[in-house]
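Chains here go by letter, A, B, C, D, E and F, matching the order in which they are written, and residues are numbered from 1 within each.
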Amino acid sequence: MATDTESGLPSFRQVQGLIQDDTEVEIKVTTNDLLVGKLHWQDQQCLCLIDHYDQPTIIWKQSIVFLKPKP
Amino acid sequence: MATDTESGLPSFRQVQGLIQDDTEVEIKVTTNDLLVGKLHWQDQQCLCLIDHYDQPTIIWKQSIVFLKPKP
Amino acid sequence: MATDTESGLPSFRQVQGLIQDDTEVEIKVTTNDLLVGKLHWQDQQCLCLIDHYDQPTIIWKQSIVFLKPKP
Amino acid sequence: MATDTESGLPSFRQVQGLIQDDTEVEIKVTTNDLLVGKLHWQDQQCLCLIDHYDQPTIIWKQSIVFLKPKP
Amino acid sequence: MATDTESGLPSFRQVQGLIQDDTEVEIKVTTNDLLVGKLHWQDQQCLCLIDHYDQPTIIWKQSIVFLKPKP
Amino acid sequence: MATDTESGLPSFRQVQGLIQDDTEVEIKVTTNDLLVGKLHWQDQQCLCLIDHYDQPTIIWKQSIVFLKPKP
């Protein structure tokens, strides 16, 4: 299984909170795309985002620039 | 052989599921190309995608931004 | 929990100082966006920035190019 | 010497096969250049490509987006 | 504290020399910005540059492409 | 000191050969700049290039896409 090191970080737990609260988020990635949806799950490597059509997108964390709750 | 750490991650197993189900996927990479095809195999470093002409492309995971089942 | 290695670095402590002093900063990221606000928290992986509307943005450190106190 | 971890990966061995079979390949890198030629050698960090004028190019693996046999 | 591995490298010591000699440098980063100033300190993760207005900029080493003494 | 792992790689030794032979090289970096000159030294993190005006440029290896002897 995955390293505990990373899953114990505050940022990992913040994202976990956004998953549990079903918060709509915006994620900016290195290609400059802004992805919008609700977070479904995360692990050390990826985040899964569900868009408005209920389609899942697996985002590699290595490509994330920033993430924020949709205002 | 490869580290078990990574192959035990949920995201690794999700991709494994897409391989087994022969799902058509779209993969966005850092150069902004959108690659389309079916996943053939993966390891810790790469994914192999088979396109419509049955040609294989070895994609380095380090360059993946996101991956989603084709709607 | 996180590695002590990184949190013991001078740069980590400098950012910690900017958090405590409530300093307004500019952060340039790889997508060329310039994000402005006050730092709220950091860990080994992310920084949290609060903008003028009190909205939080979680920035992945991997995407930071530079950071400076707003002149 | 290099870590066995990486050289034991299927993707490493696939590239090794392309070297042995003298296959012509296309390599897309992060700068969006598409490099064409035959693979001469690889290690954990680099690939060596020989172009049509028999000139070698050492490609850092960190910059590879994808690689495919020339159709 | 930080790993000795990196601070023992020749390149780390070269940068240390530029700090001590108060050399004016140009730093090209991944966003293509060319930052100019004098180096103030470095650690394994960051470099601090002081510009002509005595303003500090903390540069993440991960974003550095090259660095040269100003001719 | 630095890890032996990397300095034992064939690619590291190839670059070492180019240094000893005073070969003129072209280095393409992630910002798309093509740097030309002779290699002066390398370590695990950086390469030093001397241009036609005898000016040194310290290039971070993380930003290298490819390197080739000038034809």
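What to note about this one:
Basically, contacts are C-beta pairs under 8 Å (C-beta built on N, C-alpha and C of every residue); 3 or more make two chains touch, one makes a residue touch a chain.
All figures in this text were calculated on a predicted structure; none of them were measured in a lab.
Chains making contact with subunit D as well as with subunit F: none in this assembly.
With respect to subunit D, maximal separation of chain centres occurs for C (centres as means of Cα atoms).
Subunit A and subunit D have CA centres that are 32 Å apart. Distance from the subunit A centre to the subunit B centre is 19 Å, each centre being the mean of its Cα atoms. Each of residues 30, 62 in subunit A touches at least two other chains.
If each chain is drawn as a node and touching chains are joined, the picture is one closed loop, every chain linked to exactly two others.
If you walk the ring beginning with subunit C and heading to subunit E next, you pass the chains as C, E, F, D, B, A. Listed in rising order, the residues of subunit B touching subunit A in the complex are 5-6, 8-12, 14-15, 28, 30, 32, 61-62, 64-69, 71. Put simply, subunit D touches subunit F in their complex at residues 1-3, 29-31, 33, 35, 41, 43-46, 48, 53, 55-60, 62-63.
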